[in-house]
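Chains: A, B and C, in written order; residue numbering restarts at 1 for each.
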Amino acid sequence: MKFSGSHILSIGQFGRDDIERVFEVADRMVPYAHRQRVTKVLDGAILGNMFFEPSTRTRVSFGCAFNLLGGDVRETTGFETSAIAKGESLYDTARVLSGYSDVIVMRHPVSGSVAEFAAASRVPVMNGGDGANEHPSQALLDLYTIRKELQHQGRSDLDGLRIAMIGDLKYGRTVHSLCKLLCLYNKVTVVLISPTELKMPEAIVEQLRQAGHTVLESDVMEGSISKVDIAYSTRIQEERFANPAEADLYRGRYRLNQSIYTRYCEPNTVIMHPLPRDSRTEANELDNDLNDNPNLAIFRQADNGVLVRMALFALTLGVADQVDKVSRDVNWYTERRF
Amino acid sequence: MKFSGSHILSIGQFGRDDIERVFEVADRMVPYAHRQRVTKVLDGAILGNMFFEPSTRTRVSFGCAFNLLGGDVRETTGFETSAIAKGESLYDTARVLSGYSDVIVMRHPVSGSVAEFAAASRVPVMNGGDGANEHPSQALLDLYTIRKELQHQGRSDLDGLRIAMIGDLKYGRTVHSLCKLLCLYNKVTVVLISPTELKMPEAIVEQLRQAGHTVLESDVMEGSISKVDIAYSTRIQEERFANPAEADLYRGRYRLNQSIYTRYCEPNTVIMHPLPRDSRTEANELDNDLNDNPNLAIFRQADNGVLVRMALFALTLGVADQVDKVSRDVNWYTERRF
Amino acid sequence: MKFSGSHILSIGQFGRDDIERVFEVADRMVPYAHRQRVTKVLDGAILGNMFFEPSTRTRVSFGCAFNLLGGDVRETTGFETSAIAKGESLYDTARVLSGYSDVIVMRHPVSGSVAEFAAASRVPVMNGGDGANEHPSQALLDLYTIRKELQHQGRSDLDGLRIAMIGDLKYGRTVHSLCKLLCLYNKVTVVLISPTELKMPEAIVEQLRQAGHTVLESDVMEGSISKVDIAYSTRIQEERFANPAEADLYRGRYRLNQSIYTRYCEPNTVIMHPLPRDSRTEANELDNDLNDNPNLAIFRQADNGVLVRMALFALTLGVADQVDKVSRDVNWYTERRF
């Protein structure tokens, strides 16, 4: 795909080469994210960070990524404006707001709204999450984390990956997107662990199989996580249940902790989670006693989000190869503890 | 008027020469707003963007304008602070907040509050809208748009302008302000089209006549828009009606669309609207089928707001003639699609 | 104390030398806060300004201080995120958010929460107020103001200071902290003026006496403010009363105005207040007729907050001695009217 000037709306836009390009640029962003170097490549550029649905960490992660490239950020949180209440169309909103920025990140509660907005925008638009539909930067940072963790273990690529996905696989947007991305790779083994009622949608399982992957399904966690490189845990998406009490039935069903990890997992199995995890005692799908486990990658995963979003900005705005040219070292400053 | 260090509270402050000065500076801001050039003239300066009443587009437009001049923006949206609830006066709020910034933009729901705030501020204050009272940057950007659209048609100035104003002329703050500004020019023809109950206030009509202008009033749109340079449409200000059901009586009364435009308007008649327009099917005062009409200037109008606000900042902070001196070209970047 | 890399959570961390170090750096920040000079020492650095409880002026003051050092600010106001509602721990929130910034300022309604957050953060955290517990930058700016006002009168240090504290001394967080800081100095006279029911907690009085200070207590203001360098007035903390009607009993009990000042105070007595003051006619603890009194230091106090916070950032991030090295004059700009 041609990145420069493009909207980033869906992981369906990305081929394997495109993903490699994003990851290669993300790798080069590390010294800037650590503030060992400062770049001015987006000096004078403005991000319109439009969060019509609140999401602190996604919003701050995008804003931080843009600042680290040297740009400024103008923000909106929630439906503060009455414009839409006064009957304004997404078309009009997009025409106006795209005159105020060089790129827009938009989060909106309605599926498809970001694509509708993008169609009218005069600048590139990135989907920061549109309801149950897509959240492409999350899917990319998940895959980037998997690749980086495996590289750290000396493995060179994602082909042959073995991954377990655990929890609410029916409603979890992130695992759906991740499965679709995995279809671009070869010989992946995907172990799907969920309550029967919250199984991965059949269409996605079928896609995995069409891609030649091995798919195993189970409603028991312990034995099923014994031979995987990645254990990807997810939260019960309680907000998607018609009856909230039903969510309680499933919450806490799969609780990974250090003793289960030690007993069942391989010593290098990497633990991931899209966060937030539920840290209330009865519900924690990832116990706090895993916090000192060096294979708990959940915070590295969040950190990687900044790198991937920097890469997406640099590519979309056509400056990926200029980042280093307008940069300098920082000498006197406490290094960020990434 | 002396701009440097002044508050911008009311269009009544501006003489014709002052307006020309604002527009001349605004014209010079184009390469910066398009990010063909970057300027650092306000490097290190801080805008206090204080929106005690939400208004996404005005807030972002001011913030964007300040960023494009190289400055930083600190923001407040809504009455988040309990200070005023705890009985703090506008005097105290102004004394404190003006210590945190080089210039303040303030929007507040109460008429006259911004002027009261400005009287106590130690830095210049711009009125970003104080209730039903004033919104001077909107009036200036409207006039700037008229001038620019006419120039695009080869006409050199605003004297002799013919303009129709359509809709809720009783409560529409923007058309009131625009009429006052037009009084500074010569031989303007103003066609006022509204339901009888929502006529332009008599005092403003009288001002226009005192200025030697021709004023025509009508409650029918079609025939009345046939000989104008500008058709300025407005929304029914439903929030100003004691009985909201009454607003429904008028909403959709005047609906300009492409077929009416083709049949009644001159080929160069420019369509303006302060936005948001109501895009719900039954109420749209400007139909979506006008979106491809090259004379639909409503989004250029919003874009021009950034230029006019950049000019107001540069003038008020005394740096209008330094903008170009600390600027440079940007070479490697996707041009903004203004 | 070692500043570089440290959290700033409590005034208990500061020795007398540490305070002198903060104040010495704050003094050097004046030309930057006045925008006579611009520094880029924090160019490329990001402040995470996390206000989980709203406080406009503290939030803007910290953000402004960071901008004036050349850094960018990412912000959150209120519990916009549902992450904590979904059961996320402060530990997780801290691990994630500290990946997005170089330093975090956090305000939170729960006592102790900022320290808990800091323990998990990978970057320095500053307490911007945690409920009834601590607000260390406020205490430092109060003491800095006292020192600066006395210096302006030709007095070289804080030893021998005479200060009256007036109002709600039971619930007022700022006067508690200020008393603790005063224990680091010698021969201070502290006059505590409050309703009997709202007396300074006995433990703090005892601390002052242990430090060798003279403590006088009274429930009458007039005669008690006749021999002090500083009259520090405070608001009734109505939000801390179980029964709000009880607050009304005390509100307006001590009302300092110009005629009382002239009659009872020494000519140089400096008036301070942490703000907001209650400007409603019946309740104003500091009358508006004091606004022209040159010894009313309440707005200089707010201004000093920016200097002290700049110093805290510069010290915590280890760049206090580099600020001037990467700075330049600003020539063409209206000086800020500090």
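Everything that follows uses one rule, which is that a residue touches a chain if its C-beta (ideal position, glycine included) is under 8 Å from a C-beta of that chain, and two chains touch if they have at least 3 such contacts.
Model, not experiment: these values are computed from the prediction.
Q: For chain A superposed on chain C via Cα atoms, how large is the rotation, as a multiple of 5°?
A: Fitting chain A to chain C on C-alpha positions yields an angle of 120 degrees.
Q: Between copies chain A and chain B, are the contact residues mostly the same numbers or mostly different, with half as the line?
A: Different, since under half the interface numbering is common to both chains.
Q: Mind checking the centre-to-centre distance between chain A and chain B? Centres are C-alpha means, answer in whole Å.
A: Distance between chain centres: 40 Å.
Q: In chain A, what residues contact two or more other chains?
A: Each of 72, 75 in chain A touches at least two other chains.
Q: Provide the residue numbers of chain C that touch chain B in the complex, in ascending order.
A: 32, 35, 38-39, 54-57, 60-61, 63-64, 67-68, 70, 72-73, 75, 77-78, 235, 238, 275-280, 283, 288, 291, 299, 302-303, 306, 330, 332-334, 336-338
Q: Could you please specify the touching residues of chain C with respect to chain A in the complex?
A: Going by the criterion above, the answer is residues 4-5, 43-46, 48, 72, 74-76, 80-83, 86-89, 91-92, 95-102, 122-124, 317-319, 322.
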